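A quick write-up on the structure given underneath.
Letters A, B, C, D and E mark the chains in the order given here, with residues in each chain numbered from 1 onward.
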C-alpha cells in the first residue's frame, strides 16, 4: 500500500510538472490553433536561464528564478512575433512546420552553448531545505522539493484559472479563442492578446523547467522529451481546454509512473504516445472537451 | 405526367444539434428540367444540396435519384451515380491548371489504376488521351479553351465560375446542381450564364440551381421551389411562385406581402 | 524499349551517363569511397524524400513519422537476412510490402483526421515503433534494436558490398522509384491526390473516394520508405534503434520543404542539398569545435526561413506551376 | 493548333522520351548541386600535404551526451603523441592524430568509419568508445583492412567476427561476473541485490551477465528495473526498488544517468549500497551526484595510483601538468592504445597490414604489450584478458577500494 | 444641415482575384438611420468589414467624423465609436451573457458608467438580464441577436453597423429587434443597417442604398425607394 501511495505521489509530482507545461501548449492552441512545438524548448530554456543567472551573473536563487521566468515570457512573445505572426494567414501547416523549425533551432542552440551533457548545477544550487524529506501520512516519503512542486503547481493552476476567468486580459484571451473576428470587433487587439498568451504559457513552462532542473538535470533534450509528454497531456485533456490540460497532466503523470512501476519501465515513455494516439483516434475532443468540428 | 422524377426528395429533415435546418422538405426534379431552389438567406438551400450530394448526412427522410435510394450515400458514390455540383463560394483546385481541374472531373469516367498508371500500358494511354480530349471539348464548351494551361486560381471570377461548371460537367452527370452560379456576376456575365445553362440542358443534363438573382431564376426556370426557415413554402412555375403571397412575404417582408 | 543511343543523345541522358561515371572518377581520389558513401547517402535521402512527398506533398497531410516506415523496412530486411539467411532480393520486396501494410494500418484510423491531428498520430506511431524495436529483445535478437552483420546482397555469386556497387545499387533504386512516383503523379491517381490535398469535399464531389486514395498514398509512401530502410540495412551492415530517431523524420521533411512541397524536383533537390550539406556541416562544425549535432540548428533555420519567405520551395517564389 | 500541343497524340516512343527527359531533368538539377557540394567537400577533405607524417585516427564521442569520455580519450591520445614526437617520433617521422567525432551514436560512427577507412594515409584507428559505435564501424574497418583498437567498448560482441577489431580492456561478461563475485566475496553483508540498468546494449549486456553470476553466487535478485536515457525522472523505478528493500543496487549504465539515480535515490530515502560498472567511471559522476555519490563501488579496468605502478604515476603527473586536470581510466587506456599502434608501426612497418599482423601476433602474456594499464595480449577474437579493479567514492573522491579482488 | 458621420469615397476591395467591392461611395449623416440592401454576394458585408477595419481597402478612403480611417486599426476604430454587429451574431458561445456584454466595453475604463450602460442594456433587453449567467451559446437565436446588439452598444458607439439582424429569426422576433434598433437610433446613435429583407429595412430607415455586384446602383430616401419598381424587380425578377 505504501508502495502504491508513493507511486501516486511520484505521479502527482510528475503530473504537476506536465500540467504546467501542458497549459502552455493548450493556451496557444486555443488562441491560434497552433501546436507550438517550441514550447518544450522554452521550458528547457527556463532551466538554462536560471543556471545562467546563477553561475555567470551570480544572482541569488530567487532573483535568478524570477529573471528566468521573465526571460522565458519574453522569449515566447518574441518567437510569436518573429516566427508565427507573419504566418497568421498562411496555411496551418506552414505554422506547424515553422514551430518544428523553431524547436530544432532552440534545442541545438542550447546544445551549442551549453553542451549536450546533463548538468546538475541547478539541483546543487537549491537550498538544503528543499532536499529534506518528509513522511506523509500513509508512509510515503517525499522531498520538500517534490512537495513544493505539487503545491506550486496547484497554486499556479488556481491562479491561472482566476486570471483567465476574472481579469480583463483573461476574458480577452477567451474571446480570442472563441471568435477572433468578433474579438477584434470588440476592440480587442488580438495580436497583443496572443502575445500575452505566449507570455503566460512560457512563464509557466519556465517554472516547470526550473523545478525539473532542481529535481533532475538540465539538458538540451529535456524540452523535447518532457514537452512531448506534456503535449500528450494537453491532447488527453482536450487541446485548447485549460482545465483539461491540468487534468491531463496529472492523469498522464500517474499513468506513466504506474506504468513504469507495474507494467514495464522500458515502455514508460511510450505510455504518453499510446494515450495520445488513443485519445486522438477515439475521442479527439479529449477527456474534457466537447465534441467539436474536426481540426483542419 | 407519367415520367418518373429524376430526383425525388420526401420528408427530408436535417438537424444541427437542435437547430432545424431542413424540416420535412418534399421536392421533385423532373428529367430535362431547369429547376430552381430559392429562399432568403439561411433558408436551408445549400444544406439541401449538401444532403443530396452526400457531403452532409441528412437526419431523416428519403432521397432517391433515378428511382434509386441515395439517402446517406457517400459523396463520391453520388458523383459516380451521376449528380454533379458547383459550390456557392467557388471551390476549384486552385493550384492546378484549368485543364487538370477538368481532367479531375473525368475521374468518374476512367478506370485505370495502380498498375496501369505505373506501366502506362496501351489501355492507360488511350484513356488518358480520351480524358484530355473530353476535357478540351468541355473547356471549349464554356469558352475557356485558351486558358487550359493557366493556374485555375489566377482566372477571373466569372471564368472560375464557368470552369467550375465545366469541371462538374466532366463527371458526366445526369443532374447538375448549381449553387448560386450568378453570384457576383455583372448583367452581361449573367446573360452569358443563362445561355450556358440552357445549352447544358440541351446536352440532356437536368439542371437544378440555387440562385438569388431573381431575374435569372424567373427567366430560365421551369419549376421553382421556395424554402423559408427550412420549410417548403411554395412551389410551381415562375408565374405562380412570383405571385404567391407567402413568397413575397418571405422576401419583401410582411407589409409588402399584404400591399400586393 | 528505349535504345541506349536515344538516351545518350538527349542532354538529360548525358547527365545520367555522367552520374554513372562518378564511381570511376572517385576511384582515383584519395577519399573516393567516402565521397561515394556521401553520394549514396544523398541518393538514399532522395528516395526517402520522394516517398514522404507522396503523402505530405501530393495529398497534403503532414507526416511527422515517416522514419517509422524506414525503420520497418530496415528491420524487416535486416532480420530476414541476418537471422533467417534470406537473400536481399527476396527481403527487399517483402520489406516493401510489409512497410506498405503498416502504411495502410496506420492510415486506417487516421483517415478522418486532417492537419495537425494527423501529424500528431504519425509522430506517435513512429515513436512507438522506435520503442518497440528498442525494447523487444526477443523480436530483434539484440538489445537496443541491434541487428549485426547484415550480409551484403549477392549477384551471380558476387557480394555487392563495395562502395561503387552500393552507389549503383541505390542509384538504380532511386531511378526506379522516381519513375514510379513520376508516373503516378502524372496520372489519374496523382490528380486525385492533388485534388484531395486542395479541397477534400470538392474532390469527393468529383467521384474521388477519399479513403481509397488516401490509403493508396499511405501504402505507396510507406513502401518507398521501407525500400529505403532495406537498402540502408545492408548498406550500414549493423542497424540499431538509434538510427531511426524522430529527428530523422524531420530531416526528411526539411528536405521536401526546402525543395518545395509537392513536386518531385523539389524533393530531389532538397534531399541532394541537405543530404550532402549535412556531411559538410558535420565536418566543418567539428572544426569550429561545435557539436556535430548542431547541424540540426541549420535545418531548423531552413524550415523557418522557407515557410516565411519561400513556402513553395527555393526554386519558386510563387505558388505552384504546372 | 493550340489543342494539338496539349493533347498528347505523339507515339509512345516520344512519350517515353519525354518522360525520361522529365525525370532526368529533375535528377540533373539536384545532382549538379550534389556534385558541387561534394566537390566543395572534397577540397576540405584533402588535407594540405604537410611534412611526412604517420597518421592514426582517434574516434570517440568528443561531443554529445557522453562527451566527458571523449574529452579524456582525446587528451590521453594527445599526451602520448606529444611524448612520442618529443622523443623523435616514429622512425623519425611525426605521429599525427586525426580526431573524428562519432558523438556516441552508431549512425555517425559508420560515417566516421568510412571517412577514416577511405583515407588511405590513415594506418589505424584508436576507438571507438561506445560499444554500439565500435560495432557500427567494425564491418567497414574489416572490409578496408584497417585495425580498430577500442579503449572502451566492453560489449561481448565487439571483437567477434572481425580480424581487425581489438580492445585493450575486459568484456562485459567478465565485468558482470567479476562484480557479482566481488560483492559476494567482499561485501559480505549483502544478501539481496537490485539491478537498475540502462535500456541499451551496454546496460542490458551487463545486466544479463551480472544477474547470471549473481544468482550463481547465491545472491538474491529482488528487483530488476530498466530506465531510458530520455528520461531524467527515475523515482517510479526507484520507489519500486525501494519497496523490495535490497542490500545493494547494481547500476548498469553511464555516469550522467547514474549520478542522477544516486541523488534521486537518496531523496527517496534509499540507503542501500550502490555498485556501478565502468560506464559510471567518470569524474563527472562526482559533479552530478555530489554527496550522494559517496560510498558507491565501481568496477574499472584500471586505477591510477595503485601501488607499484610508477609509470602510471609519471603519466598522471604529466597529464595534470599538460591539461590541468587528473586523467581518468579512459585516458590511460587510450594512452596505451596509441602506444600499441606506434609499437606495431615501429616493429613491423608503416602499413595497415603490418599493424594488424603485429596486434594479431600478441597472443600470449610473453608477447603482450606492457603499458601503464597492465599487460595486453589478445585471444583469437581480439579480446584481451585484463583484470578488473574496484574503486570507491570516499568523501567525494575516487579511491582504490581497500580490497582488490584479483583472481 | 446634419454633418456626415461616415463617408466612403470610391472604395475598392477584393478577396484574391475576386473583386467584392468595386468603388462604392456613400455618406451617412449623423443621427441618421441608413440601410444597405441587395442580394447575396453583392458586397454588403464586405462594405461593413471595410468600415470596421477588419478588411483593408485596396483603393479609396473611408472618413469617420471628418477623420480618415486609413491605417487606423479595428481596435482603434471601436474606441473612436464604430461598432459592428456581425452577420451571424458571433457572440462568444462559451462565455456568459454578462461576460459577453462586458467584452463589449473592453476598450472603456470608466467602470461606473459601464455599470450604468449595463443597466440600460438590460432595460432595453429584459430577457438578457434573466439569462445573465447563462452561456451565450445556449441562448435562442433571437436572444443571441439581442445579445450581439447589446454587446455592440456597450462600447457607446457613435455609429452602429448592423449586418443582417433578421437572419434566421422568426418574424415576430424580427419585429421586436427592429423596434429596438429604432429606439437605439432615436437615442442618438447613427445606424447603418445591412439587410436582405428590403422592405423591412426600408420601412425603418431614412436613407437607402441598393448594392448589386459590388456597386451601389440605386440610392435615395427610403420612403421613395419602397415604391421604386426597380427594387421589386431586383428582388422578385418581375
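Note that in this section contacts are C-beta pairs under 8 Å (C-beta built on N, C-alpha and C of every residue); 3 or more make two chains touch, one makes a residue touch a chain.
Not measured: the values here are computed from a predicted model.
Of all chain pairs, the one linked by the largest number of contacting C-beta pairs is C-D. Relative to the C-alpha centre of chain E, the farthest chain centre belongs to D. When chain centres are defined as mean Cα coordinates, B lies farthest from chain A. Centres computed as Cα averages put chain A at a distance of 36 Å from chain D. Per-chain CA centroids place chain C at a distance of 55 Å from chain E.
Chain B and chain C have centres, each the mean of its CA atoms, that are 42 Å apart.
Chain D has its Cα centroid 31 Å from the Cα centroid of chain C.
Counting partner chains per residue, chain A shows two or more touched chains at residues 115-116, 264, 266, 269. Taken residue by residue, chain C touches two or more other chains at 134-135, 183, 290-291, 293, whereas all remaining positions touch fewer.
On chain C, the positions that touch chain D within their shared complex are 1-2, 6-7, 10, 12-13, 15-16, 19, 22, 29-35, 37-39, 41-42, 46, 134-135, 137, 142-144, 146, 148-149, 161-163, 175, 178-179, 182-183, 236-238, 240, 242-243, 264-265, 268-269, 271-273, 275-277, 279-280, 282-284, 286, 290-293.
On chain D, the positions that touch chain A within their shared complex are 63-68, 199, 225-228, 230-233, 235-237, 239-240, 242-243, 256, 259-260, 263-264, 267-269, 284, 287-290.
Residues of chain E that touch chain B in their complex: 16-20, 39-41, 164, 167-168, 170-171, 196-200, 203, 213-214, 232-238.
Of all residues in chain D, only 13, 16-17, 19-35, 37-38, 40-42, 44-46, 62-64, 67, 101, 103, 105-108, 110-111, 114-115, 117-121, 132, 135-136, 138-140, 143-144, 157, 161, 199-201, 203-205 touch chain C in the complex they form.
The part of chain E that touches chain A in the complex is made up of residues 52, 54, 73-75, 77-79, 83-84, 86, 90-95, 99, 102-104, 106-107, 151-152, 155.
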